[in-house]
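Structures follow.
Look at the two complexes coming up: chain A is in both, with chain B in one and chain C in the other.
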Partner chain A sequence: MLRISRMKRIGLSGFYPWLGASLFLGLFFFYPLARILWLGLSSTSLSTISTSSVRLTFSVILFTLFQALLSTLLTLLLGLPAAYLFARFDFRGKSLLRLLTAIPFMLPTVVVAAGFNALLGPRGWINLGLMRLFGLESPPIVFVYTLWAILLAHVFYNTTIVVRVVGNALAHLDPRLEQAARSLGADVRRAFWRVTLPLLRPSILAASLLVFLFDFTSFGVILLLGGPRFATLEVEIYIQAVQIFNLPLASILSLIQLLCTLAFSVLYSRIITRMSVATSPRAAASNLRRARSRREKLFVGGMVALLLAFFLLPMASLPLRSVARLEPALGDRTAVRYGLTGDYYAELFVNRLGSLFYAPPFEALVNSLLYAALTVILSLALGFPVAAALARPGRLERLLDPFLMLPLGASAVTLGLGYIITFNKPLITGHWTLIASPFLVPLAHTIIALPFVIRSLQPALASIPDRLRQAAATLGASPRRAWLTVDWPIVARATLAAAIFAFTVSLGEFGATSLVYRPEYPTLPIAIYRFLSQPGGLNYGQAMAMGTILMGVSGAGILAIEKLRLPGTGEF
Partner chain B sequence: MKPLSFLFLAFCLLLPSCAPKGPDTLTVMTHDSFSASETVIQAFEQANNVKVTFLKSGDAGEALNKAILSKDAPLADIFYGVDNTFLSRALAADIYEAYASPLLANVPAEFTLDPQNRALPVDYGDVCLNYDKAWFASHNLTVPQSLEDLTKPEYKGLLVVENPATSSPGLAFLLATVKHFSEAGYLDYWRSLRLNGVVVVDGWNTAYYTNFSASSGHGPQPMVLSYASSPAAEVVYAETPLTDSPTASILASDTCFRQIEFVGILKGTQHRSLAEKFVDFMLDVQFQEDMPLQMFMYPVNPAASLPEEFVKFAPLAEQPAVLSPDMIASNRDRWVADWTETVLR
Partner chain C sequence: MLQLADIHKNYEGQPLLTGISFTVAADETVCLLGPSGSGKSTLLRIIAGLETAEQGTVCWDGQDMASIPVHQRNFGLVFQDYALFPHLLVFDNVAFGLRRQNLPKNEIEPRVADSLKQVNLATFASRQVTELSGGEQQRVALARALAPRPRLLMADEPLGALDRSLRERLLDELRGILRSTRIPAIYVTHDQEEAFAIADRVLLLHEGKIVRQGSPSEVWNEPRSAWEARFLGLGNVLEGVARLQVGKARPACAGAAGTGELGEGLQVETPVGVFELDCGHPHQAGEKVCLLLRPAGVRFAAEGNLRGVVADVLFHQDGFKVTLANGLYFYLPEAPQVGKEIRLDAPPTALRCLGASDA
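Showing the complex of A and B:
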C-alpha cells in the first residue's frame, strides 16, 4: 500500500505543490544570482580589474575575516559562561532572562544600531550626561564609528546562539560522567577540563561557526555603527553598487562572498552530523540546581547582573531617548528646554519641506506595514503547499528541499544587487520594468522569509499523527469535521507563527531594501538610517522615535512566535 | 474593513497608477540638498496647471546612480543635480534628452560643458574650507593659507572633511588636491593630512552641523570643508541679526574647487513640453534669484541679481582648482578607491 502511494506521488501531480515556489525562486532568486555570476565572470568585468581593485578586495576580505573572528571570540567569552548559567543553575526570573538574551537575535539591525547609539553615541545618554555633569565641550566617550561598536553589537546579537547550542548540549549531558571522574579523584576543575569540555567541543565548534557566519555576513551593524572607516564584503558590495556604481566589481565581491558562506555552511553541516556523540542524554531538569556555595552564588549573581545590563541597557535607552529632549534642534541657537517631550513622535506626522522627504516620515511606517503584509501573503501562499508536501516527504521532496533553503545562504545585499542588475531592463521587451515598481521590495522580502516560513510550518504539519484523524473518523466524524477538530488547531497556530515570522523579517529587512527601495516609498529601517545620520536634535529624536516603534512591533512579533512555538520545534 | 478591500487599498497605495487623476504631475528627481521657495514653485505650478513633485534620492552620487539604474523605466521627467565631477557618468549612461533652451543664450560659455545640451548648467559655486573666526582669534592662530599649511603641527586635528566616495564636496576637494599635487603627489599629501589628524565623515550635513565648531552643533573642529557661500548662510539664518559672519572661507589659490550643477530632461518622459518649460523656468530670473538663499549656489544667469549677503560674505575664489571633465571621467573612480585605502583603511 505504502509503496504504491509513494510511487504515485513521484508523478507529475507530486510537483504541483512546488510549482509556485519553484517558479518564484527561479525568477527572483536563481535568475538574479545567475546574472551576478554572468556579470562578475564576463570578460569585460574581468578586464576592468586593476591593481587597486585587487588590493581593495584583499583588504576587505581580510577585515571581514578579522572582525568576524574577533566578534566570535568575544561572543564565546560572554556566551559560554551564560550557557553554563542557564544549563546548570536554577534561579528566579530565569526564563525571562533567557528570553531577554534571545530577543536581539531577531531585532532589526537599525534598531540595535539606534539602541547602541542612544546609549553610547555622541548624542546618547552616557555622553550627554557626562558632558553636562563635567561641563565638557565634546563627548568624552568615542564609541560609534569604532571597531568596538561593531564587536559589541555582534556580541549583543549572537550570544543567544551560544547559549542555545552549547547550553542545550550541556543541559543534556549525562552528569554521571562528571561524577565518575570526581569519584576517581579529579577535582571540579579537572573534571570540567578533562570530561565536560571535550564532550562539549562539537557543540562549541558548531555554535562558533554559526556565530562566525552571521558576523561574516554582517551589513547593517557595520554600516551604521562602523561608519566610513570599516567595510566588510557586504558593505563594500553596497558601496560599489550604490555609491561608486561599479557593478562588475560589486558582482565579483558578491561571488567571493557566496563562495565563502557556502564553504562555511558545508563545514557547519559536517560538524552538525558528527555532533551526535553517543552519550545517553538526560532530561535537562536533572542537571539543574540552585546555587549553593558562595562562589556559585557570586557567579550566578554576577552573570545575571552582567546579562541584564548588557541586554537591557541598549534596548531601554532607545525608547527613553525618544521622549527626552537633550539637545537643540538643527540651527536652533536659543536655550533648550531639557526634559520629557512627545515632539519627536508628533514630528513624524509633519510634512516639512526642508526635511529629507517631501512626505512625513510616518508614511515610511505605512509603507513598511504594507510591504510586510504583502510579504506575509506571498510567502504563505508559496510556502504552505511546499511545507505540506515536505511534511510527508517522498523522493521529489528530498531532492528539492535543499534548493529551498539556499536563499538562507545568500546575503541580502547580494540579492539586492542581483535585482538591480536583472530588473533594470524589462523582462519582456516593451513592457514595464520591475525596478521602477515598488514591488521589488516585498519580492525580495518574500525570498528572504520563505525558508523561515517553510521551516516553521513543516514540523507542525508533520506532527499531526494519522492515528488522530483515523480515531476521529472511527468515532463518526466526517472528513471535514475531522480536519476541523484535528488538523485545524495545529495548522492555524503554525500558520499564525509563520505569518508573524514573515512579517517581522520584512519589517526589519535592511540589506536588500537599501539597494532596491524606491526613493518615494522608503521603509521604516531606511528612514531610521537616514535620519540617524542627519545632524540636529529633531532628526535624531525622530530616528529614536521610529526606532522605538520598530522595536515595539518586532519585539511583539518575536514574543508571539516564542509563545506559538510548539515545544521542541523550530530551533534554528 | 473587508480583507479584499484592504488588499485593494494596499495595492492602490503602492501603485501610483490608480491614484485619482488630477492635473498632470511633473516629477523632478534630485539630491537631498535640493531646496526652493514654495512660492516660486507654486508660481510655476499655477502658470502651467501642473503639480511638481520632487523626488529626493540620496546624495548627489547616489541620486544619479538611481536615475541611471532606472533609465529604462524612468522614475521622473527631469533630473537635476549632477555636477561637473559626475557629468561624464550621466552622459555616458545616456539618460538625458537634448534640449537647447533659448535661455542658454545668456549663460556664459565656461559653464556649458556639454555641447549637445543634454545637461544644462543651472548654478555653480566653490567648494572651499571654512573656518571659525572666533576660535582662531581666541587661540591666536593664523589661518592656513595653502593646502600645504594644513599638514603643519599647529593645525593637528582641526580639520573635518567629507568622504569623497559619498559626498560631492568631498570629491571636489579630493580633485583640488589632485590638481595641486598632481597624480604622483596627492596620496602623499593625504597621508600627511591623515597623520595630522584630519577627521573624515560621510556627508556635508554631519561635517558642518555636528563637527564644525562655529555651527549650532558646537563640534570639535574649527575648520570644515564646505562652500564659499556658507559664511553668507550663517548671516542669513542667524536668529539675532548679525553684522558680520562668524565664519569665513579660505580662498587661496588651488584650495577651492569649482562645482557646476546641471539639469536635464530624462529620456522617456511623457511630459516633454512641460519638462522643457520647467528647465526654462530653472534658468530664468525668478528661480535663479531664489536659488542663492535656498541652496547657496551662484546663478549661471547673469541677469539674476545676487542677494546682499552673497556680495558681502560669499566671495568666490579667484583661482579655483580646475580639472578637465575628461580627466575626471577617466580617473575619478581610481582616485577615490586609492584615497579610501590611504586615508580610511
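Showing the complex of A and C:
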C-alpha cells in the first residue's frame, strides 16, 4: 500500500525513473565500452600484436606503476605530517589552510599544469627571475618535461586525500589509548609507534591506495608536464588512438587499464570495510590542542609554511604571470619592458592565424561554457529521477545502483576511445555520424558527472522523512504544494551543489575531451594545452590568461560546493 | 606514599581544583568521591602526569614528580571506558607494560598469565579485545594496569559503564585484589555506594576542594554540611531557625564535633515542625541552621512532632518508602493510605545538625 502511494506521489512508477539514465548509460557508456572489449579481444587485433608493441605495452605498464608508486610515497611524505598537523593542532587560519590543500583535488589538470609552468617552467617566475638576477642566457632550472614535474603535480593533487582520510582517523582516535600506553611505561615515541601508528594503518593503507589509483590513471598531468618522453597507460592510449590511430592496440591498453583499476578498487573497498570495525570513534575536538613546547611550535610553524608555499605558489603564480610582462614584447628583440600588461587577455579575442580551425581563444571559453551548461541540464535531468528512486531503495534500486557508479571506475581516456570506435560510423546507416558533431563532448562530460550528481542528490532526497510531507498534507497542502514547500527547499541546496559540480567537472575535463573534441569547437582546457605546447611568449601568455580564467571559474565552483556541502556527507 | 600538596588547576579559564592536598599511605585505598564535573578525573590525570597543575606538587616518598614524565612514574591507571588497544590481543594488551620494562619473554608470559588469572580471565589471552563484553574488558583493563606491578593504582570510574549486579561483583573482586597485592590505590567515582564499598578512606570533592575526609562509616554517620548530606543521599535536609542558645562557647563550629559525646540540646523550628536534638555546635538564637532528618529513624506516633499528607507509597527493601506532600520521605514498617494525614515522631537520634545553612 505504502509503496504504491509513494510511487503515485512521485508520479512515476517502477522502472520509469531509471529509463532515461539507463538508456543514456547504455548507449554512451556500456556500448562504447563493449566495443572496446570486442575490438581489443577480436582475433584481428590480437593477430596484429607485434613484439615491439608487446615491449611497448610492458614498458608503459612498468612506468605507469613506477610513477604511481613514487608519487604515492611522496604524497604520504607530505600528507602524513599534514594530517597530523590538522588532526592534532589548533592554530589560526587552520580551516583556510585546509581548504587551500583541498582545492587542487578538483582543479582542472590544465590549470595545475599551467600553474606549475608559471612557477617553474622555462618562462616561469623562478627561472626568469634567476636569469635576470645572474644574467643567464637560458633557464637554469629544468622542471617541465621531467619526472619531477609529474611527481610534484601528483603530490599537489592528492595530498588532500591523505589529510582527509588519515587525518580523520587520527582526529577520531581515542586520545586515551595513547595515554594508557604512556601510563604503562611507553615514552612518546614508543606510544606513537606501538599504538597510534598501528591503529592508523588501515586508514593510511586506504589513503595510499586511493592516491595510487588517481596517480595510476593520471592523464593530463603526464601529457602536459611530462611531455613526450613519458607515457603512462592513459597517455599511450591517447597516443595510439589519436596520433598513430592504432585503435586495436589502444583498446588492448584500455582493457589492461580497466582491469588494473578494477583490482585496485576492489582492494580499496575491502580495506574500507575493515576500517570501520577497528576503532571506537570519539569527538574530534578533544584531541585538538595548541602547540606548546618548542618542538611542537617548530613543527606547526614549519608545516604551515611548507603547505602554504607548496599549495599557494603554483596557484598564485598563474594569475600573476598572466598579467606580467617579463620578456621582450612581440617583434621587439632589444628592449625588455617589465610591468603589468593586459595584452594576453586582449589577445584572446584575436584570431591571429585567420584559419577556420583556429578560432580565437575567446570562443573556446564560450564553447566550454555552453558544454558545461548542457552537461548540467543533461546530468540533472537524468540524475534527479534516479536519485529520487535511490532515496527510497527497493530491490530494483539496489540491483541497479552499482551500475550507475561504474563510470567512476572507467578512465576518461577510455571513454573517449570508446566514442571514437563507436561513433565514427553512423548509428543508423545513412545518417550523420556523432563523431563529426560537437555533441560528443557534453555527452562524455555527462557520463563523467552523472555518478557525482546522483550521489550528491540522493542523501538530500533521502533525508526528508515522510512525516514532513504527511504533516504538510494534514495541514491542507496538495501533493504538489507539499513537494514545493517541503521537499524543494531541502533539495534545492543539494541540487545547486550537484549543478555546480557538473559544471565544474565539465569545464575542466581534459581526458575524454582531448579524444573526441572537434577542432573547430575547442574547449578552454584544449586551447590551454595547445597554447602551452606552442613556442613564443605570446602563446605562453595567452595560456596563462586562459588558465587564470579557468582557475577563477573552477575555484569559485569548488568553493561554492564546499559551502553547500551537507554536513556529514561527501567524504570521498 | 603519595603526597599531594595544594594542587590548583583551571579548566577553560574557570578554577576547577583549588588547593587539593592529601596523602595516600602504603596499603591504603582512597576513594575520591564527588559529583561529575568536580575535577576528580583531572586530579587523577595530574597525578598520572597526563596533565600539569598550575600550582602545587605531587610527591612520591618525598620525591617531586614534576620532572618525571608519565611513562617513568610507574603509576597504573585504569581508564573510564578502559582504553584497551583495539589492535592488540588480550595477551598483548596485558603484556604492553611488561614489554616497556624490557622484561625477557620467558618472564612476560607467566606474569601475563598471573594477571589474567587474578581477574578470572585465565583463558582469554588469545581473544580480541573488541569481542569482549563490558565486564571482561573492564577486567582486562585492570589486569593491564596491574601487570607491571605499579607502585600506585588509579582507577577512573572503572565500573561506570556496567550494570548494577556486575558492578557489585567486580567491586568485590577488585577489593580482594587490592588487599592481596597491597598496592595503594586511588579510586574515583561519583557513586557513593561504590565508594563506601571499596574505600579505606573517602575524600569528598566539592567545588575544587576536599570538603570532607574520613572512613566510610564516619562520612556516612557524621555528615557536616547540607551539601554532604544531600550529595550522599542521607535523608531529608531541612532548613530551620535555632530557637534556643544552649551551647556554651566551644572552640570549633561545623566540622569539629561528632564523635558521639553528648552535646547540648538544641531546638530548631522548621516549616514542618519543631525538633529537638543534641548538637555540639555553638548556636545563637535566630540563626539559620540545616538539619538532617534520616528517613529510617522515625515511627508512627499519635503525638508526633511531624505531620503530613501521604503523597506516595512505594515498596522498598527497608520497609515502605512513604513520601509526604511536603516532599519529605521516610521508611516505615507499614504502608499508610495515600491522601491520609499521618503523624510521625522524629527522635533526636534521627536528627543531626548540619551547621549553619548554606543559603
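The working rule: the second predicted complex is superposed on the first by the 533 of 572 C-alpha atoms of A that agree within 3 Å, B and C clash if a C-alpha of one lies under 4 Å from a C-alpha of the other, contacts with A are read in each partner's own complex, and residues count from 1 in each chain.
By our rule, contacts are C-beta pairs under 8 Å (C-beta built on N, C-alpha and C of every residue); 3 or more make two chains touch, one makes a residue touch a chain.
Nothing here was measured: the structure is a model prediction, and the numbers come from that model.
With the two structures aligned on chain A, chain B fits next to chain C without clashing.
Using the contact criterion defined above for the overlaid structures, shared-chain residue A:Arg229 touches chain B, although it does not reach chain C.
In the superposition on chain A, A:Gln179 makes contact with chain C only, while chain B stays out of contact range. Once the two complexes are overlaid on the shared chain, A:Ile239 sits against chain B while remaining clear of chain C. Judged by the touch definition given at the top, the superposed model places A:Ser533 against chain B, while chain C stays out of reach. By the touch criterion stated above, A:Phe439 is placed in contact with chain B alone, chain C being left untouched. When the two complexes are overlaid on their common chain A, residue A:Ser52 makes contact with chain B while staying clear of chain C. An angle of 160 degrees, to the nearest 10, separates chain B from chain C at the C-alpha centre of chain A in the overlay.
Of the two partners chain B and chain C, more residues of chain A are touched by B. Of the two partner chains placed around the shared chain by superposition, chain B is the only one that A:Leu374 touches, whereas chain C remains out of contact. Minimum Cα-Cα distance between chain B and chain C in the superposed model: 45 Å. Taken together, the two structures place no residue of chain A in contact with chain B in one case and with chain C in the other. Against chain A, in their complex, chain C makes its touches with residues 45, 48-50, 69-77, 79-80, 83-87, 96-97, 100-101, 130, 144-145, 148.
Interface residues of chain A, counted against chain C in their complex, comprise 174, 176-177, 179-187, 190-191, 194-195, 198-199, 201, 277-280.
Remark: chain A residues 50, 52-53, 55-56, 59, 63, 122, 137-138, 227-229, 239, 242-246, 328, 330-334, 353-354, 356-358, 366, 370, 373-374, 377, 420, 424-426, 432-433, 435-439, 518-521, 533-536 touch chain B in the complex. Those residues of chain B that touch chain A in the complex are listed here as 7, 10, 13-15, 29, 32, 35, 38, 53-58, 61-63, 65-66, 68-75, 89, 163, 165-166, 200-203, 205-206, 208-210, 216-220, 237-239, 333-334, 336-338, 340-341, 344-345.
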